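Scroll down for the structure; my scribbles are underneath it.
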Amino acid sequence: MEPLKGLLSTLWKALTDQPDPKAPFLESIPEDYRSLASAVLSVAPILMVFPLLFALTTVLERKGLGRIQNRLGPNRVGPAGFLQFAADGLKTLTKEDVVPRAADRVVHFLAPIALVIPVLLTFAVLPFGRNLAPIDLDAGLLFFFAVSSATELAVFMAGWASRNKYSLLGALRAVAQMVSYEIPLVLAALSVVMITGTLSLSAIAAAQSPTPGSFLAPWYVFTPWGLMGFLLFMIAACAEANRSPFDLPEGESEIIAGYYLEYSGFKFALFFLGEYLGLFASSGLAITLFLGGWNAPFAFMQGWLPSWVWFFAKLATLIAVFIWIRGTLPRVRMDQLMGLAWKFMIPMTLLTLVAAGLWHRLPSAPLRWVACTALLAGAFLVLGRVLMPRTRHGRRVYRYAD
Amino acid sequence: MTFYLALSVLLFCVGLAGVLARRHAIMALIGIELMLNAANINFIAFWRHSSAADDLSGMFWMIFSVAIAAAEAAVGLALVILVFRHRRSVRLDELESLKG
Amino acid sequence: MEGGFIAMPTDVILWILGGLILISAVMSLALRNLIHCALFLMVCFLGLAGLYLHLNAVFSGLVQALVYVGAVGIILIFAILLTEGGGTETGSHLGSQWRTGIGLAVLLAFALLGAVSNSPQTTQAARHTEEPTVREIGLKLMTDYLLPLQTIGLLLTAAAIGAVVLAMQEPKPRKDETP
Amino acid sequence: MVPRVILGGGIVKGMIETARNFVGSYTDASRLTTVEYPEQRIPLHANARQFPFLVFDGTDPMAGLRCVACQICEKECPPQCIYIIKDSVKKPDYLGKMQMQPKVFDIDLSVCMSCQICVEVCPFDAIKMDTEFELSNDDRFAGLLVNKHQLAKPNSHFARIHPAEAAEVDGRLAAEKAKAEAKARADAEAKAKAAATSPPPAGNPSSSPPPKS
């Protein structure tokens, strides 16, 4: 009875932003099991909340894409189609697991696991609420990037072990894309690190808390370098998660499904899960770095809702934006993808770093606003000009047909 | 401390054996990476057991060594690819001519 | 990080990590399939990262994971695929003098192990049981170690450019230049 | 709006367009281009065609079958999915003439390519194309071989799915029948007249003119 009471108290404390929410439950159980229980308390909510969010996202994404294309979207299973994810889950669970005869069985089996585990680990350092960071690591940001870099290896394992040329091509594309976009991703995040002077994600989120008396919260997205960094970070995160318009590792038209072509049943579901969880983790990191983490947008709203509600509201918004982008943009070509990463994203992120440095050094508010805005807008215009002629199409002329 | 040093020695010798025994150039590079990592274990172990209180030099040596290993891997693998392009082979014992 | 989540004795974790590192290192050099070798090398690097984390060198462990698994491993795999096609090597995968090589390595191992077991250094107790904060590391890196840091930066830039130049496709002779 | 010179201007334009679609699909039902299929159906085109069926007149499918087992369709069918065996028993057609009838008339659904050539070549308007498109079956051998009992459908069905064509065919057949009846009547009348004017008809051998030897 005592542990249950402690658990309820822990839950209540976690949901109402009180400090050290784990304490009541940990005090109610024997000393020897406390570290284990603490770990379970950190991991279990992540394992419950994010797969559920994934399930809901798949349904909402399909409904949203349908609406964008003037269709209704899924509407058969459950009320308004919202139980579609349960049907999909049951289907993937009960499907036959086919492994190609030529495949490298062990690596083929390990690849989906090697994808999902690092992605789940990245959630360990994200602060979901005021006192809700599973591990408050001093080098949290570094941990995030170190762990997420392991997913590239999993993608390669999947593509190579399938012994299918389309899988291998998809895997090589995916790895090249992820390596290329990891640089702007890290550089965009670095600008925030430069300003806050810490790698701890909790400290970064706390640094964006509104000061009493001010109106707007000091989110970094409200500064010129922060806005540019946020946009670049989101583009890079989109490419890291292999989402449209950067989903050419799985381009159906030329390589069928990319690296998970030879996966079926539950392993395919794991890949799908890993991809979406990666998207959530990147979005969560973007929220923490640029969108003020669990802080309310305006100072007077700060106490209105528990902090985690703000976090998940922002997360839902970002996911909606990703779905919106997916419904809008066509897939880019491989050369366009690489050109964007190396010719545009990396110079822009480096300039964002310079702008963040200027922002930090320049004393007066109007001066640094003007200087940073001028620098970034000018760079954007110039780089855009340099890139644009490639994408400018003239009137199409048909020489032989009428 | 003995544990780390022994681990480092064994790792170094595994890497050395790989460099000396394998025919493939990339495997030789893998062996060299292992030897570098054996050195890194030593850096960290000695840092942890060093007497100065705020001395972080072991850690810095390790970080610099990682950076150098990354540079070495990049250049070394580029060389391997270049050799493969010229000779269609990366067997170390088949690369015996000094002329390109 | 201290002692892991489960109250397991530190020694057991160390032995597990050490075994993992050594076995995967041996496997990464003994297997015939180059991709398997590279994957085992990644396991070895991850084991080393775990070891560093266990030794309270969190920053080093994360750098190890980021650089080795995220960067070196990927280049290695690309290089393997660009050269041998990632398949199993044909013919013997061992060089002609492999016995000599392995014998030398074993001899060296014995010599070094003997030296280690007789060393007076090893009796020192661990002093740095607290992990240094990233802030400390950064400050030191930017003050005392500024010159090495910049040298490393220069080296990395040179290596990156050099690798690109080396691996760049040679320009095909233009049509009007061919005789 | 956003000038094209700025990188990303086209993306913003596209995003606005899709947002308009998204909102519009909730507010304006006429934007929705699809229907909820099993419950709602879009009426088929008049010349839609899926799979042939055999037309019969009257109420008894087998008795009213127009097919005379001439096997033209069997010969003309490009993928050769029609299989006909003639029956030894004849039956009267719509004109009352005795005609052959098929003992077996099978069409292999899995082979048929909906080309409508059987319909074009049939001189008796006996085979027509159906618009039924839910043809899936859980038995891939027997279930896909359709026999004449399954193929036989009343003329009213034909009139319902292809009204214009059915009216034309019905009109033609009715005209033929009327012509045939008129001819029969005329023949009968002529015969009757001949019978009236000439000596009593056959049946009375004694009164017939003596055969020439």
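Order of writing sets the labels: A, B, C and D. Residues in every chain begin at 1.
Criterion: contacts are C-beta pairs under 8 Å (C-beta built on N, C-alpha and C of every residue); 3 or more make two chains touch, one makes a residue touch a chain.
Values in this document were obtained by computation on a predicted structure and should not be read as measured data.
Remark: the per-chain Cα centre closest to the mean position of all protein Cα atoms belongs to A. When chain pairs are compared by their number of contacting C-beta pairs, B-C comes first. The mean-CA centres of chain A and chain D are about 59 angstrom from one another, to the nearest whole unit. Here the spacing of chain A and chain B, counted between their Cα centres, is 34 Å. One simple way to say how far apart two chains are is to compare their mean CA positions; for chain A and chain C this gives 28 Å.
One simple way to say how far apart two chains are is to compare their mean CA positions; for chain B and chain D this gives 81 Å. Counting partners per residue, chain C has 59, 63, 71, 78 as the residues that reach two or more other chains. If the chains shown are joined wherever they touch, the resulting network is a simple chain of contacts running from one end to the other without closing. Every pair of chains meeting the touch criterion is listed here: A-C, A-D, B-C. Note for the complex: chain C touches chain B at residues 14, 18, 21-22, 25-26, 28-29, 34, 37-38, 41, 44-45, 48, 51-52, 55-57, 59-60, 63-64, 67-68, 71-72, 75-76, 78-80, 82-84, 89, 92-98, 100-102, 104-106, 108-109, 112-113, 116-117, 119, 121-129, 132, 136-137, 140-141, 145, 148, 152, 155-156, 158-160, 162-164, 166-167.
In the complex of the two chains, the chain A residues touching chain C come out as 32, 35-36, 38-39, 107, 137-139, 142-143, 145-147, 149-150, 152-153, 156-157, 160, 168, 172, 175, 179, 182, 197-200.
Of all residues in chain D, only 4-8, 11, 14-15, 17-19, 21-22, 24-26, 31-34, 36 touch chain A in the complex they form. Across the complex, chain C is touched by residues 1-3, 5-7, 9-24, 26-27, 29-31, 33-34, 37, 40-41, 44-45, 47-51, 53-54, 56, 59-60, 62-64, 66-75, 77-82, 84, 90, 92-93 of chain B.
Touching chain A in their complex are the following residues of chain C: 3-7, 35-36, 39, 42, 46, 49, 58-59, 62-63, 65-66, 69-71, 73-74, 77-78, 81, 86, 131, 133-135.
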